[in-house]
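Below, chain A partners chain B and then partners chain C, in two separate complexes.
After this line comes the complex of A and B, so read on.
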């Protein structure tokens, strides 16, 4: 187990800078998820931690040792790859024991550790098989087994669930969480799936275009997004936005349709702001919660999910998503009254996209 | 209305093409085999016969008694094996570097490498002879091992490149994280997974070395260092061409090649990489 510090790390491929001076520090045993859209640099950052990509500038420190110039094998890390990367010519047992063998472990020690890991992952009956004889989920378990037998300082996961179907993904996600609770080893986990990020992480680093947008707990990321990008990326469904204009005294905000919402902080008079609403703060009916602002909305699209129905609403020119009860008796095209959670509203600068202090 | 011209089906075309290739390849070999079983008088008799009228193994006995064919074979074997090992080792490293390392202009390097293979062998004879003489390597195995290895390198590198390109990079990355150096990953992961390619390259290099005549005649002409192709020329006299004995020697010369190909053909089976990564 080890703490990891990333200091002003940059990565340049040819003339393209893909990581722009990222700073991240996380503690011993912490589960950190790097999340962001395709091309945000999350996998590149992970591969730099692994030593599979060189660091153009800055420092990566694992357990108090700067590892920039260390080969992957000398960093005491283990990695689970998106495509499993199991050795096709070796049995499951040999795949799992290969790392120990290369480090000079005795046959008895290899057997003991492989056995232990295979029991944890319930793959003991597969040890004699080759990867080609396994299902996707089994291969993923073997890939994790190969990582845990080594007992490294840090586990690195590169989108390990992206090749699994939805049901299996949910199962393996729980197993990964269990593994973390059992071994307590630091984990850096890359994904573009914000559900994985929210459910697994102790802290989430949201990346965009090679910049770190926010590094915080899932709760903070969800409830106090640092930027409009984070707010729009995290959450399922994500936050929806409306452009509002501050009144002359800066104490209220108004929609083009005339709906007026109270502002929390002093705003610049007449200036436009992007207001973000989580779907749970857009509810059907008047005064659905304390401090709500009631307004009329047109239901554009309904998405029934069983336990609830997501409604895409047109409110004064803005499209907001709301969570409706499952049997609300509402149909697409209906005009309804909805409550907007003015107190829970997030405000963002229209130019920088940064959140305004509450 | 005239009947439309009917083209043979693709299956028939394949059979015809296959038959042409097989006859072209096997007929000379069969002719040599039948010749090796004939007496010299039968061979010269008209009309020409295909099957030996009275098959004899006497020519084979003469192959072993007339000349030190075991010595020629040993020379050929050592030269072919060592040049193959050297060739495949260097070609594997070159192919790996061209496929994986971030070296400038890999395609230019590969083109230059292949251009080397375009040189007519005869144009290399004088410089090679001069170099080997200066190194005091004439009439030694090394006089042939080095040129044979180098001459087979372009094609072996090309073969290995095509196989290495199919290996997912993450397999090597996994090996490097598991404790391998880059060369270790090549040895433990890439080479075993590209065994069909490695054996193909090895067989190409071996056959090239085993069959080569011109360099062997020039660089190792002494009887003690002669390889099989050159040694077989010793069976001809100043005024005589004992074709049945020479044919028998040729049949003996191709036996090791047949054995090697028979042994390794099972290894030259693809599909080893299936299942290691998603697919």
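After this line comes the complex of A and C, so read on.
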């Protein structure tokens, strides 16, 4: 187990700079998820921690040792690959034991550790099979088993669930969380799926275009997004936005239609701001919560999910998503009254996208 | 049962489609019959007859298995077969081993790939007999490159092409050089199917480069190696051009192969009957090896892979 520190790390491929100086520090035993859209540099960053990509500039430190110039095998890390990268000609047992064998462990030790890991992962009955004879979910477990038997300082996961179907993904997600609780080893986990990030992470690093947007707990990421990008990326369904204009005294904001919302912080008079609303802060009916601003809305599209219905609403020229109760008796095209949670509203600078201090 | 051969139940549309299909296949069948089946049949028929162009007054009598009994007791045939077997034993693994080295080299991430690929292809594209001539010059006693090198490093020159052992060695070198590029191409194709992530996983697992080669490259390349070995073996049975150009079988018959003996019997001695018998025997050996190859390739090569 070890802490990982990333200091001002840059990565340049040819002439293209894909990571522009990222600083991150993960605590010992922490579960950190790197999340972001494709091309944000999250996989590159993970591969740099693994040693599969060189570090152009900056330092990567694992457990107090700068590992920039260490080969992957000398970093004491284990990695679960997106395509699992199981050795197709080796049995499950040999796949799991390979890392120990390469490190000169005795046959008895390999057997003990492989047995232990296979019990934890419930793949004891598969040890004699080849990867080609396994289902996707079983291969995934073997790939995790291969990482676990090594008892490394840090586990690295590179989009490990992206090749599984939705149901299996939810199961394995829980499995991974259990493994972390059991072994307590530091994990760095890459995904583009914000649900995985929210459910698994102790802390989430949101990356965008090679820059770190925010590094915080899931709770903070959700409730205090540092930027409009983070606000829109994290959360399902995502936060929706409306462009509002500050009044002359900077104490209220108004929609083009004239709906006026109270502002918390001092705003520049007459300036435009992007206001973000989580769907749960756009509710059907007047005065649904304390400090709500009531307004008329036109229902554009309804998405019934069973426990609730998502409604895409046209409010004063903006499109906002709201969470409605399941049997609200509302149809698309209806004019309804909704409550906007003005106190829960997030404000972002229209140019930089950064959140305004509350 | 309504199989495709239940003609009675076919509709008129299906019948006319089948007729068109057969008509479209006819040119291919005719070509195959003309250039493959007919010559083989003629060869087999000729092998049962006496047919010496040097004795045209003898006509071409049918003599049954007489040529075959003669072949069994033909000391020179057994010698030529033994030489051919030696060439196979030495040059097939030799070419595949050298080819593996070349393939591994060509698979390195060079910035400019074409010089390496061209270097791989050139020996393969060169006609066999030219390769033989080039190596004859290399191993020439007086002007040859090899002897010049030997003298330069202080050794005495060797009569490469006129002594049994050295001649065999020189021919093997030429064959291995010439045929390794084919093996390299087959193996390079195999190398490129190995996912890069396996090497990354092995790297993280702590395998050294040598262990990565032993534990991943070699086992993953096994199907391609077997294909290269079998392909090379089938062509090695027919070894002709390079020894023909380098020594013409000499000294004496010391480097003569089966194909060279057949050529000498048929073309130099004009004994078409016995030459055909020898050719039929070689054809049988080739056919057996080819069928082994076909059986191997028909097995699902993806079995056991993921």
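Before moving on, here are some points about what is shown:
In this text, the second predicted complex is superposed on the first by the 358 of 358 C-alpha atoms of A that agree within 3 Å, B and C clash if a C-alpha of one lies under 4 Å from a C-alpha of the other, contacts with A are read in each partner's own complex, and residues count from 1 in each chain.
The criterion applied here is as follows: a contact is a pair of C-beta atoms (placed from the backbone, for glycine too) under 8 Å apart; a residue touches a chain by one contact, two chains touch by 3 or more.
Worth saying up front: this structure is predicted, and the values here are computed from it rather than measured.
With chain A as the common reference for superposition, the partners chain B and chain C occupy clashing space. After overlaying the two complexes on the shared chain, residue contacts for A:11 are found with neither chain B nor chain C.
In the superposition on chain A, A:281 makes contact with neither chain B nor chain C. Contacts of A:77 after superposition on the shared chain: both chain B and chain C are touched. In the overlay built on the shared chain, the residue A:99 is in contact with chain B and with chain C. Of the two partner chains placed by superposition, only chain B is touched by A:163; chain C is not. Once the two complexes are laid over each other on the shared chain, residue contacts for A:87 go to chain B and to chain C alike.
In the overlay built on the shared chain, the residue A:136 is in contact with chain B alone; chain C does not reach it.
Of the residues of chain A, those at positions 50-52, 71-73, 77-79, 81-83, 85-89, 98-99, 102-103, 130-132, 134, 139, 146, 150 touch chain B in one of the two structures and chain C in the other.
Within the complex formed with chain A, the residues of chain C that make contact are 195, 197-198, 200-208, 211, 215-216, 219-220, 222, 303-306. Those residues of chain A that touch chain B in the complex are listed here as 50-52, 71-73, 77-79, 81-89, 98-99, 102-103, 130-134, 136, 139, 146, 150, 163. For chain A in complex with chain C, the touching residues are 50-52, 71-73, 77-79, 81-83, 85-90, 98-99, 102-103, 130-132, 134, 139, 146, 150. Of all the residues in chain B, the ones that touch chain A in their complex are 168, 170-171, 173-181, 184, 188-189, 192-193, 272-278.
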